[in-house]
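The letters A, B and C name the chains in turn, as written, and every chain counts its residues from 1.
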Amino acid sequence: MSDRLIKYGFRLYIVLGFAFIFAPIVSLMVFAFNEDRFPSLPWRGFSTRWFEAVFETPEFTSALKNSLVVGAIVAVIATFLGGTAAYFLNRWNFRGKGVYLGIAVLPPCIPLVILGLALLIYLKEIGLSGSLTSVVISHVVIASAFALGIVRMRLTEMDPSLEQAAWNLGSSQWRAIKEVVLPQALPAIVAALLITMAVSWDEFIISWFVSGLDVTLPVAIFNELQGQVRARINAIGTIVFGVTILLVVLAQVALFVWAKTGSRRLAVATDEAGYEGQPATEV
Amino acid sequence: MADKAVVLENVVKRFDQVAAVSGVSLEIDHGEFVAFIGPSGCGKTTTLRLIAGLEEPSEGAVYIDGRLMNKLKPWERETPLVWQNFALFPYLTVAKNVEFGLKMRKVEKATRRQKVREALDKVGIGELANRQIAQLSGGQKQRVGLARALVTDPTVLLLDEPLGSLDAHLRVRMQSELRALQRETGITFVYVTHNQSEALAMADRIVVMDLGKVQQAGSPQEVYRTPQNRFVAEFVGTNNIFSGRITGVEGRRITVETPTGAFKVQTQDGIQPVTGDEASFVIAADRISTAYEGELAENRVEGRLTGKEFVGAVATLFLELPDGTEFKVQKQEHQIALVSAELGDSFAVSWEPEAAFLLPNP
Amino acid sequence: MIWQAVFFIAALVFLVLMSFWIVENFRLVRSYTIDNWTELLWSGLFHQVYIRTLVYALVAAVAATVLAFPFAYALAFKVSPGARRLAIMLLITPFFTSYVVRLYSWQLILAEDGIINKALAEVGLGPIGMLGTPFATLIGYMTLFLPLVTLLILLSLVNVDRDLVEAANNLGAGRVRSVFSVVIPSAKIGIVFAFSFAFILAFGDFIAPTLLGSSNDVTLSILLNSKIKSGADFPEAATVALVMVVTLLVVVFAAFRAAFPPQKKSATPQQESLA
């Protein structure tokens, strides 16, 4: 009766919510394949000509290349920094730990415009601004917080006694990390690489402030938006979405599917008690 | 029907094809203290939740004060619950927790405040009114939960293992307080517990449940001394059960031939035992005399002592009979001194035919 | 962490310093003066921009929190755990996609000849001008943080003690009443967090007002951007930035304070001996 009505009402709300969130993404992808130059219905026919046009535009292709390169570099550095920070925070208690943690996760919380301005001024002062290097530096500042969060989450799920067992059996600290911690943290590390790359790939505001002649893709797109020709943007936007979605979905798969099955095998192999990965049950 | 506080009529509750409650019919009088006991999963908590409206019956009817409750939501009923893990609102003070039910019924502020004060005094925590929940001990929290349920002057109070989270000493004290409270207020208490002695101590009537059905409902004495079926006999008290065939009938005294031996049983009035029938009888562990106490009675067996268990003032001896069955003997701790057997020793035990009880439903 | 110290903290410190310097003849002069500050704070135009930004951000944050709540509630209580996990995945993914591109997409949807107006035309309704209005800017903000706000609220809703909801129902609280008397108080921290994040994001964003709003509606972030891109007037920009930071801190602090007022000490300090 009315209970069921309420339940369906809520589900409708969920659908509406997702419709709002995905509307811009889906509609853009639809238009990117539209034969018509003007992005509206009715659809005139399926076509990939806009994608071809994109690859013929040097602004886009160079920006694309830049974004990929920057993204990859940022991913590696940020994951390394964030990961090691996560390890230290997890293993050891030291004075000022709270402060350390606070500083580490602060960057994403500050409005990007303000952070962008601060970085711009500072990098200019020390002569590192106006190039892709400055973009890399800035992105690492933000992205490492994400890497830290992801790896830390995974480390807390891990059993600390495994590492200690390794020490006990004669392995040095480095060896233990390599043999015990890394394999288990691998899903999280991969996820962190993917997510930090996604963060860098889509980051606009700071790149907008900090970069010079060589720009990343989001900046190129924004520049283009001030111009006239628009149809290509649908295509490039779809590419941008596609890459991000791929990265994020893979990251989630790594964290939630790979991680769970991996540790179950590990638990069985080390003869531990059953792995608890049960989600909360519905009442 | 209006003269009964709670009536359950063939109530069935299924969760995904599995029946947690399968056909429970029960009538509870006004002012009665009824306790539901049974093993985990027997359906006692589900039955309580059906009365509260937190579950809807799949079949059957629930009446409270003569009104059909099936379609009424929990907030439309007046069946406050006292919860095992208290379920106190952590962001409200004690007083605000207690006044919650009154607030929902739109009682005005002055009346609310007074009733809250009365309820808190009744359970003995008047001075804790403005405390935060986190500052309270387990026993205090339980009292707050009780006050919260009582403040609306309900006719039926539901209690779901309320003393389960308290330590043993406190539990015993709360038992007598609850009993006194019930007598004083005259509220119908419907009480669920897995602790037998608690139920036996407090309740007017005990309902034994298993597999979603009522196995027996009766006074503590009835349930303890005259179990109606094997389950109740095994679940309540410490009993030995023998099964066999009736081989002789002499008036009310029958002989039952069992794998362990032939025993004489004095049957109760109204039973017509027939030779050749299958029969089971119960002999309570505390109605056994041992060889060390003097002459042995009519029914006797000999067994090897395999274990002793002390639970405060009562000690239980475990014997292994020749055919392998376990036999329990319960004595007061000071009587155990008489039994000078060591583990592994054999000795004889016996009982009178009158002490045994023939199960109506073997 | 050295990286952070070198690049991040130093940058912020510099920002503060910068606000006290001035630009003279397109050259940076490092004398310490509060001219920037006085000029800015006394400017009527600045006040206008400030108020506008503040109002927009507050409205957006409130709207997002209110709209996201039923969304998160439905996901927390009305769907199966499997569906919930899928929904979470679907909420996380758009969070990382390019904000600029999504707003561009909204431009297309909201345009005079965009999908919505085309659909309205089919039923004979006139075209609604949506671009270039605060409404469009609001939609832009929503696109930015609706998933995040929903996730934050969802996270704290999932941890609400279901027993408490049943207890409230048992004591007479109906469906709506129990949400307000149990669910929301229990999830307070998540809700305040969500609101704060939404506010911070809306306050600092310049893309939504630029792409979707009208060019007359200048926000603080647009002001900041223009000071940098045209004239490289870093000191003034820095001043604006610091004003923003202070505002953010004040608002967030106030929000948390409002939700978690300091508790009065109990009137009776005596310990209860009754167990």
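By our rule, a residue touches a chain if its C-beta (ideal position, glycine included) is under 8 Å from a C-beta of that chain, and two chains touch if they have at least 3 such contacts.
In this text, all values refer to a predicted model and were calculated from it rather than measured experimentally.
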* Asked: Chain adjacency by touch: line, ring, star, complete or other shape?
  -> line
* **Chain pair, B-C or A-C, that carries the greater number of C-beta contacts** => A-C
* Chain located farthest away, centre of chain C as origin (C-alpha) -> B
* Which whole number of Å gives the spacing of the CA centres of chain A and chain B? -> 58
* Just how far, in Å, is the C-alpha centre of chain C from the one of chain B? -> 57
* Mean-CA-position distance for chain C and chain A (Å) -> 20
* Residue numbers on chain C that touch chain A, as the complex places them -> 1, 3-5, 7-12, 14-15, 18, 67-68, 70-71, 73-75, 78-81, 85, 87, 89-94, 96-106, 108-109, 113-115, 118, 142-143, 146-147, 150, 158, 162, 175, 200-201, 203-207, 211, 221, 224-225, 228, 234, 237-238, 241, 244-245, 248
* Along chain C, where are the residues that touch chain B in the complex? -> 161, 163-164, 166-174, 177-178, 181-182, 185-186, 188, 263, 266-268, 270, 272, 274-275
* Structure fact -> Residue set of chain B touching chain C in the complex reads 52-54, 73-75, 79-81, 83, 85, 87, 89-91, 100-101, 104-105, 124-125, 127-128, 130-132, 135, 137, 139-140, 148, 152, 170, 173
* Asked: Of all residues in chain A, which touch chain C in the complex?
  -> 6-7, 10-11, 13-14, 17-18, 20-25, 27-28, 31, 38-41, 81, 85, 100, 103-104, 106-107, 109-115, 117-123, 125, 137-138, 140-141, 144, 195, 198-199, 201-202, 204-205, 209, 218, 221-222, 225, 233, 237, 240-241, 244-245, 247-249, 252, 256, 279-283
